[in-house]
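Here you go, one structure.
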Amino acid sequence: MTALTRDDYPLSINRPDLLHTPTGKPITALTMDAVVSGELSAEDLRISSETLLLQAEIADASGRPQLAGNFRRAAEMTAIPDAEVLAMYNALRPRASTGEALAELADRLETTYSAPVCAALVREAAEVYGRRDLLARPTGDDD
Amino acid sequence: MTTPTAAPPQRTVTLREVGPARRGTRPDEVVVAVSPAFAGHFSKTIVDVPHAEVLRQLLAGIEEQGVTARVVRIRDTADLAALAHVAARLSGSGISVGVLSRGTTIIHQRDLPRLSNLELFPQSPLLDAPVFRMIGSNAAQYAKGESPQPVPTRNDQMARPRWQAKAALLHLKEFECIEAGQGPLEVEPVFGSSAAG
Amino acid sequence: MSGRAPGGLVVGVDIGNSTTEACLGLVDPDGQVTYLGTALTRTTGVKGTPDNTDGALTAIRDALARAGRDSAEVRTVLLNEATPVISGLAMETITETIITESTMIGHNPTTPGGEGLGVGTTCSVGDLAEQPPGQPVVCVVPPGWDFDDTAAAVNAAVAAGVDVVAAVLAGDDAVLVTNRLTRPVPVVDEVAAVEKVPLGMLAAVEVAGPGRTIRTLSNSYGLATVFGLDPAQTRQVSPVARALTGNRSAVVVRTPSGDVTDRRIPVGELVLHGAGKTLRVDVDAGAEAIMDAVGRAQPLEDARGEPGTHVGGMLAQVRDTMADVMDSPGLPAVPVAEIAIRDVLAVDTFVPAEVRGGLAGEVALENAVALAAMVSTSRSRMQVVADRVSEGLGAAAAIGGVEGEMAVSGALTTPGVDRPVAVLDLGGGSTDAALLTRDGRATAVHVAGAGELVTKLVHSELALGDREVAESVKRCPLAQVESFFHVRHEDGTVQFFETPLPPEVYARVVVLTPEGPAPVGTRHRLDHVRRVRREAKRRVFVVNALRALRQVAPGGNLRELDFVVLLGGSALDFEIPDMIADALAPHGIVCGTGNVLGTEGPRNAVATGLVRAHAAAAVPAAREPVP
Amino acid sequence: MTSTAPRQSSAARVSRRTEVLEARPVNLDGFVEEWPEKGLVAMESDFDPTPSVRVEDGRIVELDGKERADFDFMDTFIANHAIDVASAERCTAIPSVEIARLLIDPRATRDDVLAVTRGLTPAKVLDVVKLMNVVEIMQGMQKMRARRTPANQAHSTSARDNPIQVAADAAEGALRGFAELETTLGVVRYAPLVAIALQVGGQVGRGGVLTQCALEEATELELGMRGITAYAETISVYGTESVFIDGDDTPWSKAFLASAYASRGIKMRFTSGTGSEVQMGNAEGKSMLYLEIRCILMAKGAGVQGLQNGSISCIGVPGAVPGGLRAVAAENLVASMVDLECASGNDQSFSHSSMRRTARAIPQLFPGTDFVCSGYSAVPNPDNMFAGSNFDTEDYDDWNTIQRDFQVDGGLRHVREAEILQARNKAARVLQALFRHLDLPAITDDEVEAATYAHSSNDYPLRDVLADLKGAQAVMDRGITGLDLVRGLEAAGFHDVAENLLMVLRQRVSGDLLQTSAILTPDFVPLSAINDPNDYAGPGTGYRLEGERWEELKKLRHVTSATNPETEVG
């Protein structure tokens, strides 16, 4: 398949054939009849990692590499449960985690969730936090 | 029935240095911590409430509750929560009131995390003498282990255009008066009267 | 019920006032039941109306999902025959305290100044300098006077020979002023309407020491001595003395016609029909008189209140609400005349109210009567619900039994229970009782008043101003936060915490909710809050338990009952079951919280009973299969 | 209004004219002198760094006079993620005046400019915009705005958190033209009911309106994930390391959060603004605009599609210093010239003077931005739980008139009374039916009637707050999602509203709204910088207010008919 271009946007109108829910339903299955009959669950209204990668292609084609990178991290994150996503975010707050904890987080992203791009962001953070005194101190802070 | 004279005398205050502040032992005391520039570089709050009146009303609120008070000047920080937390740890009851030159005030307790508080009054332009009295009174009630109703906080949407920049300026000026490495100083407020109008 | 193939999945569904419960069972051809699971969800709409369908379907699907079964396997769904019960609450304040011509300031400022009694003529602080020396003067200080200025003015007058014996202040300055006086005197402060204190009149100010109460002004003869009253005048001022009892400070000003009255407010009649009689009772006669009349009109057929009163409005509204919920498209409307008030519960309570004519926001505890009423109708829409459930699920659905009977049947699955057994279902709006006799006959009643009335009593007696707080005071035990790291529970035990408690609970009386301690916005101490809470529960649940059980007990004799099983949401309360058990113990009754199927606690009794009844009916010979 | 009386004049005698001037509202505003050493200066400071960049081995090793070893985390993040390394040295070497000219040269396309700006350092960007006066800044904005078609955003809140009010005002706001609606709460626990009301009311007013509810991160994200809201924007970033840390975040934590939103299909933008650092006392001696440029580049580096800036809640600070509003206009331009969606402020109470309020909005309204206001108060300001906006419902007719006077599109339009009443009434009825269906606390016919004709929260019957809060909790406990809302709306017989909401929810599956500057048209076509790119190339090009839309904006409440001057058209 050739890479998508700006002309494919919006996918919901120009390329609905490419869009699927995480449950494998085509986007065209998201109809009122399906809602009323109870065929659809909330899971059917989430974005899939494939779709995020398609949007990343479009972002690249529009000259927005950072936005594309964000979509690629997001594609990796679709597999992570909501609560854990928030926990990971909290772990990245200043002085919330030790260097080891961040290294473990990066490993977990890579091995459990196959999320190398996210893992790289966490490793970079760990390096900068170490240099800028933003890692958690081993003992509780008294002040 | 007569009313008080139209122009009350302008009260003044000087903070006489007593010595390094020590940890109190009386369980019935509240420590009032003032910022580096309070009643020194500055003499009034952002809305021109004299610092003499701020201190007098805070102390009166505490005294009315039958609680004693000590005043300390914090010199090495102008961060409200930080200076109040230092004072709380000096306080025999563990309760302190912190006040910045521009009027922003906090009630703190020594076991709380530094950035937390019992009551916070962030909108300095809305604090006047009666509010300072109530803050002192509440601090004293906490010291007695009572459960005061929190002082009602006010809000004013138009405080932003009028006061936001001046507050920032006063904040910066107060920071200029920080003396790094200087510990808290016990002071004795000496009130006077300039017998105005 | 005949002609149905035995065996298959059976779901019992109990639609209650607030929750809908399901019980899933597999019934063998021989009538043996295997219980596969239960479910609980919110009731949708008012119980007994077609809106219940959604909640019923949710509960059924939940139960099936938990057991890993499919709706296609369901042979039949059984609903309880439940008549809609709607309850209402109202409160009437029946006394008020009025002060005429400002004679008394009996409020209790938290921090008065000085100590002792001072008697003199009232005089404004601004006029002190002009007072003749030697005459005793009570100094009155209006708002705006600074404490330093006040003290200076008094000290100057005293130095000039004016005999200042006491002071009355507008602001919260009593201690401050007293501390600055060269000659301390009793000082009462926070008198907001100080300008109404008449000047040039003889007045007495009394302040007691910390932890003590005044002795002279709260004593009629003390007042007589202070003001030189004759016996007739003394009789007249005795309400003043009474009103000041228990205060730490007080001011009494003698004016020519000043008075304090404690008056009853007529709040209309309650008209009760029943037992072939029509009884009228004044609501302000109090709960005892009302309940006495209700007792004489049993069984109650209807009740009406006087239009324009809270009680009248409440009774009319309960009736109208019932008419509205019974109104469903395609079915004949239910005439309002057919909707009758079937029970009334009256409870004496008190309401803290500001005294009319007071000068300092004085508060008096006024008497009030709280009333709960309940309306039920013989018409139910449960068949409509059954039809819709059947349609929605694709399985048969029918009415499987009457609520009370099913509840008893379900309660019988509690280990250690046998017939004759009575159940008490402690709900939100009504308390229900049902009895199953040794020979299998069942009777059931609903009485007005349950959890919601308790909340209302707690709310008004503690003047909480927030019903949600009242609700949690009712539900959860109390504690006093003594530091950031420990609380003292209401039973006196201390609990320590590793991490500091949140600042908003510091030094406060708190309720220990499942989400953590939440502050109770009150000046009352823990003991008082606890007493109010327990008293409210006693006056509603204990009273109603006895009332309801007497109505189902053979001959009204509680001794005829052996087992009482408590069911429903309030049976999960941390103290109500014990309070009821204590009240029933003298009658030789075994009382406890149900444990349906040995696993469900006080939940799911009706749903379980429906499945049991179905199984029993499938095999007429089988008697009460044991689970 | 203000807690204190107007300034006291001195005892000396003043002229009558001075008395009149003293009484003018503008003199209730606060003004201060600059103090550049402390960062209390808009954009012209000797203490800002000099532009420089050096690349070694594909890595930026020097940025604006600092070696990599001395980078704070903002420098590091910007050097690692925001600046295009390949072109950095070349672009930064271009004389600033050339780049400034490029910004206003009609022959240079937006893409031509982006080819240069992607390689600029923060100090270089500052150096460029410092050369531009406010008219040039507006010219630059006209070309650099990402989406060709300008739009506007509203606040819809209630002082009593009354969901019926929020629904009715959302419907009216959507009908008047707002593309996005934002709400927040007084009592946070009310959020689920108010967010539902905003979503439903919005879809009644105009299908495809996007909604958000500003809350702490976890709840905001949860409402988004459930499809009760459609986007988020209150994710704040700051220009100095110390203030960023005070906000308990870092560029990496925020970048992670940005991806978290995208991973759930939710549109998101960051928030920043001049003045926040000096307000918090840690400007590190840098000008407000320099620090804001660091925020903008940080947002760019995080890969977020857009930014809400224009000082926002700190507007009182730049508003009080000389040239402050030029800096505010410049920060909007910088967001646009690094290719971010810009929701350009004008969303907080700014001045006592109506003249200043209006002037403050001109640099955004006249050239047009992606969202001219990032919160025009679609409720009276006393009901505005964002602490008041620069414009509110009382300014609707003025705004419409200014659009007509200058032939500019500020995203709104005049709507006839009958249509508004109909929309408000319908929104309230739909919410009534939906609450009934979901077994949430009842909405009475009196409340529907009140909503139809109300102005502020005072015009509504009081709600049973306790019952509402229990209902709100039930929404969370029962796991109600956007899908349940669709189902409920359909069951209640409001097929059109159900369909509108379903179409909005479908967009989460397609991800089209995640692209830069995306909004939804009434036909549910995603309109973004990709399919509606700004093609301004001088006079006669780019977005022009013409045709049907211009005819629409010609209408006002009172316009005398040319055909029959005894009547009014409209």
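Lettered A, B, C and D in written order, each chain numbered from 1.
As a working rule, a residue touches a chain if its C-beta (ideal position, glycine included) is under 8 Å from a C-beta of that chain, and two chains touch if they have at least 3 such contacts.
On a predicted model such as this, the values are computed, not experimentally measured, just so you know.
**Q** Please identify each chain that touches subunit A as well as subunit D.
**A** Where subunit A and subunit D might share a partner, there is none at all.
**Q** With respect to inter-chain C-beta contacts, which pair, C-D or B-D, contains the greater number?
**A** Pair with more contacting C-beta pairs, C-D versus B-D: B-D.
**Q** Could you find the chain whose CA centre sits the greatest distance from that of subunit B?
**A** Of all the other chains, the one whose centre lies farthest from subunit B is A.
**Q** Counting only Cα atoms for the centres, state how far subunit A is from subunit B in Å.
**A** The answer is 48 Å.
**Q** Where the CA atoms of subunit A average out and where those of subunit C average out, how many Å apart are those spots?
**A** A distance of 51 Å separates the two centres.
**Q** Report the inter-chain centroid distance for subunit B and subunit D in whole angstrom, where each centroid is the mean of the CA atoms.
**A** Averaging C-alpha atoms per chain gives centres 38 Å apart.
**Q** Could you check subunit D for residues that touch two or more other chains and list them?
**A** Residues of subunit D touching two or more partner chains: there are none.
**Q** Touching at least two other chains at once: which residues of subunit A meet that condition?
**A** There are none in subunit A.
**Q** If every chain is a node and each touching pair gets an edge, what shape is that graph: line, ring, star, complete or other?
**A** Contact pattern: none of line, ring, star or complete.
**Q** What chain-chain pairs meet the touch criterion?
**A** Contacting pairs: A-D, B-C, B-D, C-D.
**Q** Contact residues on subunit D for subunit C in the complex?
**A** Contact set of subunit D toward subunit C: 439, 466, 469, 474, 478.
**Q** Hey, which residues of subunit D end up touching subunit A in the complex?
**A** By the definition above, subunit D touches subunit A via 72-73, 76-77, 80-82, 111, 114, 217-218, 221-222, 225-227, 241, 244-245, 248-250, 252-253, 255-265, 300-305, 339, 479, 481-483, 486-487, 490-491, 495, 498-499, 502, 505-512, 514-516, 525-526, 528-531.
**Q** Enumerate the contact residues on subunit D facing subunit B in the complex.
**A** 1-4, 28-32, 35, 38, 40, 275, 278-279, 281, 313-317, 319-321, 348-352, 381-382, 384, 387-388
**Q** Help me check something: in the complex, which residues belonging to subunit A touch subunit D?
**A** 6, 9-13, 16, 19, 21, 27, 30, 32, 35-36, 40-42, 44-48, 51-52, 54-55, 58-59, 62-64, 66-71, 73-78, 80, 82, 85-86, 88-89, 92-94, 118, 121-122, 124-125, 128-129, 132, 134
**Q** Spell out the residues on subunit B that touch subunit D in their complex, using ranges where they run on.
**A** The contact residues of subunit B facing subunit D are 47, 78, 125-126, 154-169, 171-172, 175.
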